[in-house]
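Working notes for the structure below.
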Amino acid sequence: MIYREAGQFKSSYGADQAIFPILQDRIAVAIMLAIAVVVIPLVAGPYWLETILVPFLVFSMAAIGLNLLTGYCGQLSLGTGGFMACGAFFAYKLSTAFPELHIVLVFLLSGLGTAFVGILFGIPSLRIKGFYLAVATLAAQFFLVWMFNKFPWWNNYSPSGVISAPPRAVFGDFYLTGTQATPEIKYLFLLAFVSVMALLAKNLTRSRIGRSWMAIRDMDIAAEIIGIRPLFAKLSAFAISSFYIGISGALWAFVYTGSVEALAFDINRSFQVLFMIIVGGLGSILGSFLGAAFIVLMPIFLSNAPAALGLHISVELVSHMEFMIFGALIIFFLIVEPSGLARLWQIGKEKLRLWPFPY
Amino acid sequence: MPIRTISIWMTGVPLAIAAIGFFFSFLASLSPSFYFTWPYFLEVLSAGLLQGVMYSLVALGFVLIFKASSVFNFAQGSMVLFAALTMVGLIEMGLHWTLAFVVTAAVMVLLAIVIERVVLRPMVNQPHIIMFMATIGIFYFLDGFGQTIWGSNVKVLDIGIPKDPIFVLTGLVEGGMLVNSFDLVAAIVGAVLVAVLAVFFQYTRIGRALRAVADDHQAAQSVGIPLKTIWVVVWSVAGIVALVAGIMWGGKAGVQFTLALIALKALPVLILGGFTSIPGAIVGGLIIGAGEQVAEVFLGSLVGGAIQDWFAYMLALVVLLFRPQGLFGEKIIERV
Amino acid sequence: MSEQAKRIGDTLLRVEGITLSFGGVRALNDVSFEIKEHEILAIIGPNGAGKSSMLNVINGFYHPQEGTISFKGRERKRMRPYVAAKQGIARTFQNIALFKGMSTLDNIMTGRMLKMKRNFLWQALYWGPALKEEIENREFCEKVIDFLEIQAIRKTPVGRLPYGLQKRVELGRALAAEPEILLLDEPMAGMNVEEKEDMCRFILDVNDEFGTTIALIEHDMGVVMDISDRVVVLDYGRKIADGTPDAVRADQQVIDAYLGVSH
């Protein structure tokens, strides 16, 4: 009844190509943004901001990155953790070597550095496909984490190997990292930053470059025959994906945990991000957010649910159960809805269009 | 395999080993800190080869499943862990190891039936990459499930294989070469397993059906081969191969969570050998095992050690760049 | 006929002495012919005669062991398919090769790939010159969509379309590239009579309105004889005839190839 597009005619192709072509969608998005910017920082406590919303936004960034590569371009990567580590350590080296460099610039530059590493490890994708490539990306994962672990140059010869991110402000006294940073500032900064990056990613996917990625994903031979250079399409996907993932690694280390360590980016991190895009929806920017929310909330739910039911389960057992449940969920999603939560969202919207008169 | 291929390998491998040895001795002559002697080199090499047998055992399970269902089973490593955990758990409950082996084998068959029912059957005709991701789900599930039931402490799996170091080839090399007798047993078990599997596939009715399924699912179904049964059989066989691998690995390094990750090294082994070739899995395993051992001992110290973590993957990557189809795969002709 | 004769121009693409083999199998053996500007050339022959291989050679997907191809007077030897696309060679496939996860419109827009020049930073902003370029190309694609009468399925994912429409979308994707030569690999395979008639009409219209040169492979002799200006016949990788439809129909070798000969 309320949600209908009848009467909304588009008179230009530009209007037809908008991200939210329906008026109600635009209103809903505006309301959601207003809530996210104004209401949440006022209502949510530091626990919610620090342990749920901040990691959610950081992971969304990583999931967008992996989705560009795997969901849009069809190149399966298991090296996400390694690329996140790249971003984190590049950011650390940059911000300690050039303390006066603005923190946002540091993030962007470390993303660029990671993009370069991504291109290097993406070169094999020109000759190998599918599972072969997935295994090849494991080389990136293990090699990069090993490198950051082994060479003390990366942590400025810190004896403990664990280093904390230097305090940096977005502007004035608004500290984003270090002890003076407040959860509200972290959250608002991430919200703005990740939203802009997500918008840019969305734009890429509906432009020429995004179409060339999808063409390579759906049928690489035909793509080449209609004039898409596989070299350029694949490497650009690797580069831009790694750019996003690298920034998310830097955000993880600087804004979320506040410490930079290679072991935080082991292979399980790669799987975690992969699960996000499977659950959220391959080939969907919205799905990256939904998947990240799901995977961040799930363990919190799992560790609190038994207590709420009056059961006492050891922490260790909970973590094992978590593995089991994640595994089962992945299989469930792949069987029932391979397009993930994003598809469910779409189906919901289509239902809503007809509501309350189904015919 | 054609005679020509075999003869190339027979001459190429010793030459390659000799070349690496001479390269190292050249390095040693340049710098006194680079330790190298030929007996030591051979010892490291043989230790690596025996380690490689372990990788081959895990890779074998992958190849079986890939051949029969074109599913790239990422969960093979966690099947190894799960089998080993179950077996240790049963032995700790007081069962004799032979009985524990039989019960665990039954559990693996049960697991195969469940996987076929719950995962494979609903996913027939899905793209391969989706199936692959589903096996990552199985990987996670089995890791969690095994540890939920059996706990996550490091356990020792001992079925009475001697672990004494013994000297072999004392006549050939001065002082002989130090080899762990456990590794020798593992190598023999591996060889026997491969022989049994080869006979099974080549000469039994079910083996023939299996090869037909591997070639073309639909064609096989249309001549009356029951696809579902075949899949259960293959996953069961792969489960039992995983059990054998788990016993060997567990006996050598203890049963613990990291086993599943070590078993991941069977992936580069497959890449080297090609996904569908049993000889490929074995040769690939040996190359990876020997390569990473030699690299770790002689080169690892130059860059801070622990290069075993990634060496296998990098080696596979480099080979892929020059030979995308793997060492034993056929050249791919693409058609439109 | 006289009007047609006037329309057909000089040689656009010349194939000379092409030999292609896979391992021991000779797919093409010393094949030479030419495609003239604005004509409709049909390549026919029994199954396995090497027709699809020939198209694959022309657009650079297979590399022949011997022989040369010259396009617009310039000789080329080894090239990747995207270079051929850049020079103005577009094609459709025997088994439909659409991008199944994308909508009809997006599929046709991929055909405009080579006409779009803005770099990815502009594309990320989706604003200014990039937006202008996007809309200009969208307009062209809408023309193609109108021409092929597929307006209603513009936003449908092509995986959900019936076979006949998929073939049409694939033709649309090739047309969107504004090619100089259009290679069609069995454009009418598996269609019913009505669909075939539609497809014939589109092919003739493309040739007529845009002056696009067309080389097509087809098994339906009625169609071939009706719409083509010239016919090349392949058998066992060799060219056995080349001429107008009427001449080819009367050729003894062609009749033998199709009906078999008693030795």
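Lettered A, B and C in written order, each chain numbered from 1.
Going forward, a residue touches a chain if its C-beta (ideal position, glycine included) is under 8 Å from a C-beta of that chain, and two chains touch if they have at least 3 such contacts.
What you are looking at is a predicted structure, and each value in this text was computed from that prediction instead of being measured.
Chain centres were defined as the mean of their Cα atoms; on that basis the chain farthest from chain C turns out to be B. Nearest to the overall CA centre, using the mean of each chain's CA atoms, is chain A.
The distance from the centre of chain A to the centre of chain C, with each centre set as the mean of the Cα atoms, comes to 42 Å. Separation between the centroids of chain B and chain C, computed from CA atoms only, is 48 Å.
Averaged Cα coordinates give chain A a centre that lies 34 Å from the centre of chain B. Contact of a single residue of chain A with at least two other chains is seen at positions 221-222, 225. Residues of chain C in contact with two or more other chains: 61, 93, 97. Residue numbers of chain B whose C-beta contacts span two or more other chains: 336. Residue ranges of chain C in contact with chain A, taken from their complex: 59, 61, 80-82, 84-86, 90-91, 93, 97-102, 106, 109-111, 113-114, 116, 118, 120, 123-126, 130-131, 134-135, 138-139, 142, 173-174, 177.
Residues of chain A touching chain B in their complex: 74, 76, 123-124, 127-128, 130-132, 134-136, 138-139, 142-143, 145-146, 149-151, 221-222, 225, 267, 271, 274, 278, 316-317, 320-331, 334-335, 338. The part of chain A that touches chain C in the complex is made up of residues 12-14, 17, 200-201, 203-204, 206-212, 214-215, 217-219, 221-230, 236, 240, 283. Residues 72, 118-119, 122-123, 126, 128-130, 132-134, 136-145, 147-148, 152, 261, 264, 267-268, 270-271, 275, 303-307, 309-310, 313-314, 316-317, 320-321, 324, 334, 336 of chain B are the ones touching chain A in the complex.
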